[in-house]
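So, here's a batch of structures to check.
What follows is a pair of complexes built around chain A, which joins chain B in one and chain C in the other.
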Partner chain A sequence: MRRYYFERTAQLVFTVLAVMTLTFFLVRLLPGGPADALRANLIRNNPEMTADQIDRRVEAQLNIMPDDPLHVQYLTYITELLQGDMGQSLSQGAPVTDVIASAAPWTIFTVGTAVAIAFVIGISMGALMAYREGSRFDSGATITSVLLNSVPDYIYGIIFLWILGYQLDIFPTGGRYSSSTEPTINLLTPIQTLAFVGDVLWHAALLISAIVLVAWGGWALGMRGNSVQVLGEDYLRVARLRGLPQRHIAFRYVGRNAVLPMYTSMLITIGFLLGGSIILEQVFSYPGMGYYMIEALERRDYPLMMGVFLVITITVAIGVYVADLTYGLIDPRARVDGGGSS
Partner chain B sequence: MSSRTESVDVLESDKALETVADETLTRRDRWELAIERSVLAPARIVWSDLRARVGIAILSGFVAMAIVGTRVIDEPRTGEGDRLEPAFQSLAHPLGTDSVGRDVLGQIVHATPNMLLMILAGGVFTTVMATTVGTTSGYLGGRADRLIMSVTDIVMTIPGLPLVVILAAALSPQNPLVIGVILTINAWAGLARAIRSQVLTIRKNAYVEASKAMGISTPSVVRRDILPNIMPYVLINFVEAARNVIFASVGLYFIGVLPYDSVVNWGVMIDLAYQGGALQSMAATHWLLAPLLTITLLSFGLIMFAQGTDRMFNPRVRARHTTSNDGTDSTASPTGDRR
Partner chain C sequence: MSKQDGIATAAEDSDVDPILRIRDLTVRFEMDRGTSRVLNGVDLDIRRNEIIGIVGESGSGKSMLASALLDAVVAPGITDGEITYHPPTDEPIDVLDLSEEARRQFRWEEISMVFQGALSSFNPTMDIRGHFEETLEAHGYPIGPGIDRAAELLNDLYLDPDRVLESYPHELSGGMKQRALIALALVLEPEVLVMDEPTAALDLLMQRSIVSLLADIRDKHDLTMVFITHDLPLVTKLADRIGVLYAFEFVEVGETEAILRDPAHPYTRALLNATPNLDAPLEEMRPIDGSAPDPVNVPSGCAYHSRCPLATDDCEREQPRMESVTGSHDVACHHWTEVDEIPLTNEVDR
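For the complex of A and B:
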């Protein structure tokens, strides 16, 4: 068991290093890539600057010193990243760390809420489908979830935005909250806080629904499969024979055994949706991490783009790591074979 | 434990085993049996499933659109018709025109070949890469296996879309085949893991042990004894990869990450319609809906096809549909559990 923890931690470290190395080579080594583009840009805009000054500017913005030998550059880059210095964002005029720190909570809020809602809907529907296996409801729900799954979430987004946002004018068409609302989270002023939270939910509602619509089906089908399996187990017949109440059986026996195996997949999904929301945030002009990534891409702001990529990737890596390590604590059945390593 | 798929392989190529396996059959009989088992029976199974028929119909429609449609329907040009002509008004522009008078149907049709090439490239790259890595790793075992799987795990942890975005930004790909590969750059990892665990199970089977004992080379053992068993995974993941290519390519063209200078993708149409105010006014509805419905239809067709062909790999179902069948053998072949 200890060996597993150790190996898993080593793997996390390797993953983070691999991703940092990837961004380093992408930024530094591509011909005509970011460093060259930035240098050309600086020379064009500041003809009076010496080559030395330009080099220093490039270094400040990309964490790179082009004249140093490669391994020195690499070490400097990694050291500065580990200290939390991801360079300066050109398009936002602020350190990359600050831009990401202001955007990340919004992405985590929308994706987290969406995953939570989709999960609740998914497992309730899945359980119902399993209890009524073979019924018209079961097949209807299966077909519905497959159909909903065959459309990418951004298409739901565009259609929602078009009908509910522009044509019927029920929902806002972009932004995090109304400009008229003061962002307040303060227990002393409950009314303003509630108004703000409501406004935020109103702005994120369409984005969240688009994710939920696609995501619940997978969990419903998974939950259905797990529940059908549990429903056929001997211990369930014993529980019924013992005369335990139906509710007790449904929640403590079936629900628990069927939901637990989905714990890892839920944490992993949150991670992947963080990356997947890039397109949706663009559709709704919702300034989260993905939005800034594309913004940065369009303005050739490589430090910000790579910064967002690093943050999303490292978040996912840590999420999967936590999921793997804690699964044994949550589901005792997995403890024997070493905490869910497959 | 004998299995139909293995015996077919033996029939096809393995000189060492063929006389032992079916000594009473003539060469011609053997070929007929092989075709019956590996082509006709699966085809019958697939065709007996409604979902597969729907899927095949939709997919053939798209292939026809790419091959025949592009010759019949002219390439869209600026100013072909009036601006923003609505759909179903004239025979010249059945789906209407966009804001510069280009035929919408023409745009849809002429973006199809590129999309199919992308899907093909992505699907082939994913399955070939995953099958190679998974079978090699599972078959070799030991230290090589651990090393390969650590790398696979790292690749699997990197979220696909952000990675694709930075690669697309760095490389600015134009060729559809290259785009297809970039879009599925790390999709092989999950499949490789599934294949590896499948291989680990199969490897212990007696017939693999036998092949090894006879001194057949590793590549041959992998190809003849192991690959047939993992085909169901491969096909389903091919379809899964294809869907991801559609969703990602359209999405990335839409948000402008992939460069374009003409209407090369349905995502470009959505982008132009979105920027051209299709959301604000009802006049451009057809321009936005045409690509959205096209994408949905293609993805739906792929799902139906995957679900319908699922049964093809179930040896029990297959045995029922093989006419010259002795009905005794069946392997515990994996059926399609995808996630």
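For the complex of A and C:
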């Protein structure tokens, strides 16, 4: 048991280190050589600077001292990363850590809400479809979810934006909240807080809807398949014969046993939360993680790019790690230390 | 179904006290290629506190009979006929005519069942205690005394109650799961326990030990047991009476001793001769020629005529009625008096 936890933890540490190493070499080896490009750029723009000053600027931004030997560069880079220093964002003119810290809550809010809504809709629809397997409702819902699921979310985003934002003018076309609203989260001023929250929801509504529209179908189809399987199990027939109430069977038997296999993919999705919906945030000019990712790409802001990339990867790795550690708690069959038999 | 008269008389003649009276029980499935009758006008009286063994080859309607006793034939199967349950004190109950709620209570409280798929009869994500508790709760029984009773039952079945109750299904062996399922079936103190191939997935030793445990359980709890199996030698060790199903109808019903020593139906004889026996040389084993009839298209007359060495034109034309051989030994065969022409080559011990 302890060995299992130790292995998983070691695996997580290894993954994170591997990702850091990868970003380091990406920056060193990317075509065009970002470090060299940055240096050339600095020299061109600051002819008065000494080579030493230039190198220091490059180091501040990329965490890389171009003239140091590779292994020294690597060690400096990793050490600074571990201290929470991801360098300086070129395009935002602020430390990468600050940019990410200001963007992350918004992405977590929008994508988190969207995933939660999609999950609830998907699970309920999937279970209903399974209970009415073969009915018109089932085939209709299956076709609808496959159709919705196979169109990328930014297409819905663009359609929503065009119709509801520009044509009908019901929803704002960008931003986190109205410029006229003061960001207030304060229990003492409930009216302002409510107004602010309402405004935030109003700004995020189309973005969230676009994600939900795509995502629910996947959960629904997965849930449908799992539920159909559970409904055909022997133990379900026995449960009915034992006279258990329908509700109890639906939740404790079908629902639970069908959701279990989806637990890991749910945690991985939550891990991807921080990545946001990269293109979608661009469509809605919503300054979240994905928005800055594209900004960084367009403006060759390598430190920011690396920072966002690192944060996303590490969150996914942590999501998988948490799934591995907790799966045994919710599914007794996966328990490494089986209660009775070991 | 004209053979009804035969067994009805036989049953009423003897002063038996039936706990379940089955009359003209038919289970059918409507299919594209016709109506499939997987139980065809079956009559049977199950006596209080007896163990009755129902044998028959695969696809003879055994499992359908088990399901029908709890009015639990899976959709789209249609159950017709009459099953009357006589509780020890109250008025008789028409099983196939219960309201949904009454049927929900009837199952498991009066008649309970152990399934063929015993190994997959437990929810894999719930411990055994949870199964007992939810069953007690669903039927409004107090949990505390119920769990005590479960522990006692498990103990009687040679299981360690504390360990089994805390275990998850995957942590138990096949035999343990099987016995835990029997305990679960008995936790509401039913009058009748129906077992559909309860030992099918177990090894020979475990089969024999479970069978001997069942006899003890019956004596201790005044149970009536319906033991459904294809394993004739196994059920002879346990059953007071045996009913032989062929092509969705009973062809012979009688005391176990009579069925073993003096089988009156050619099919029963063939079944006994086909039973593998370690002591008998292989040459003496007689597999039954031909195959079991299709439920959509059962042969006319006696369903067994195409496989029967005694068959005459009569058998092809006319369905035999149930006739009394001796007291409570009934057979449906035109030629049962000549059945000794088929010698018994194989001794099956009790």
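Basically, the second predicted complex is superposed on the first by the 327 of 342 C-alpha atoms of A that agree within 3 Å, B and C clash if a C-alpha of one lies under 4 Å from a C-alpha of the other, contacts with A are read in each partner's own complex, and residues count from 1 in each chain.
Simple rule for what comes next: contacts are C-beta pairs under 8 Å (C-beta built on N, C-alpha and C of every residue); 3 or more make two chains touch, one makes a residue touch a chain.
All of these numbers come straight from a predicted model, not from anything done at the bench.
J.: Mind checking the superposed model to see whether chain B and chain C fit together on chain A or clash?
T.: Aligned on chain A, chain C fits beside chain B.
J.: With both structures superposed on the shared chain, find the angle between the C-alpha centres of chain B and chain C as seen from the C-alpha centre of chain A, to the nearest 10 degrees.
T.: 70
J.: Once chain A of both complexes is superposed, is A:Gln192 in touch with chain B (first), chain C (second), both, or neither?
T.: It touches nothing on chain B or chain C.
J.: Just chain B (first), just chain C (second), both, or neither: which does A:Thr97 touch?
T.: Neither chain B nor chain C is touched by A:Thr97.
J.: Is A:Val238 touching anything from chain B or chain C once the two structures are fitted on A? First, second, both or neither.
T.: After superposition on chain A, A:Val238 lies in contact with chain C alone.
J.: For A:Thr144 in the superposed arrangement: first (chain B), second (chain C), both or neither?
T.: neither
J.: Have a look and say if chain B or chain C is in touch with more residues of chain A.
T.: The partner that reaches more residues of chain A in the superposed model: B.
J.: On the A-aligned overlay, A:His248 touches which partner chain: chain B = first, chain C = second, or both, or neither?
T.: second
J.: Pick one for A:Thr15: touches chain B only (first), chain C only (second), both, or neither.
T.: In the superposition, A:Thr15 contacts chain B only.
J.: Examine A:Asn257 and indicate which partner it touches, taking first as chain B and second as chain C; both and neither are also allowed.
T.: In the superposed model, A:Asn257 contacts chain C only, not chain B.
J.: Please state the minimum Cα-Cα separation between chain B and chain C in the superposed model, rounded to the nearest whole Å.
T.: Once the two complexes are overlaid, chain B and chain C approach no closer than 19 Å between C-alpha atoms.
J.: What residues of chain A sit close enough to touch chain B in their complex?
T.: Those residues of chain A that touch chain B are 11, 14-15, 18-19, 23, 26, 30, 33, 146-147, 149-152, 154-155, 158-159, 161-162, 165-167, 173, 218, 222, 225, 265, 271-272, 274-276, 278-279, 282-283, 290, 293-294, 297-298, 305-306, 308-309, 312-313, 316-317, 320, 342.
J.: Mind pulling up the chain A residues that touch chain C in the complex?
T.: Touching chain C from chain A are residues 233-235, 237-239, 241-245, 248, 252-253, 256-257, 260, 331-333, 338-341.
J.: What residues on chain B touch chain A, complex-wise?
T.: For chain B paired with chain A, touching residues are 150, 153-154, 157-163, 165-167, 169-171, 193, 197, 243, 246-247, 250-252, 254-257, 270, 274, 278-280, 282, 288, 292, 295-296, 299-300, 302-303, 307, 337, 339.
J.: Enumerate the contact residues on chain C facing chain A in the complex.
T.: 70, 72, 74, 104-105, 107-109, 113, 115, 117, 120-127, 134-135, 138-139, 163, 166-168, 170-172, 184
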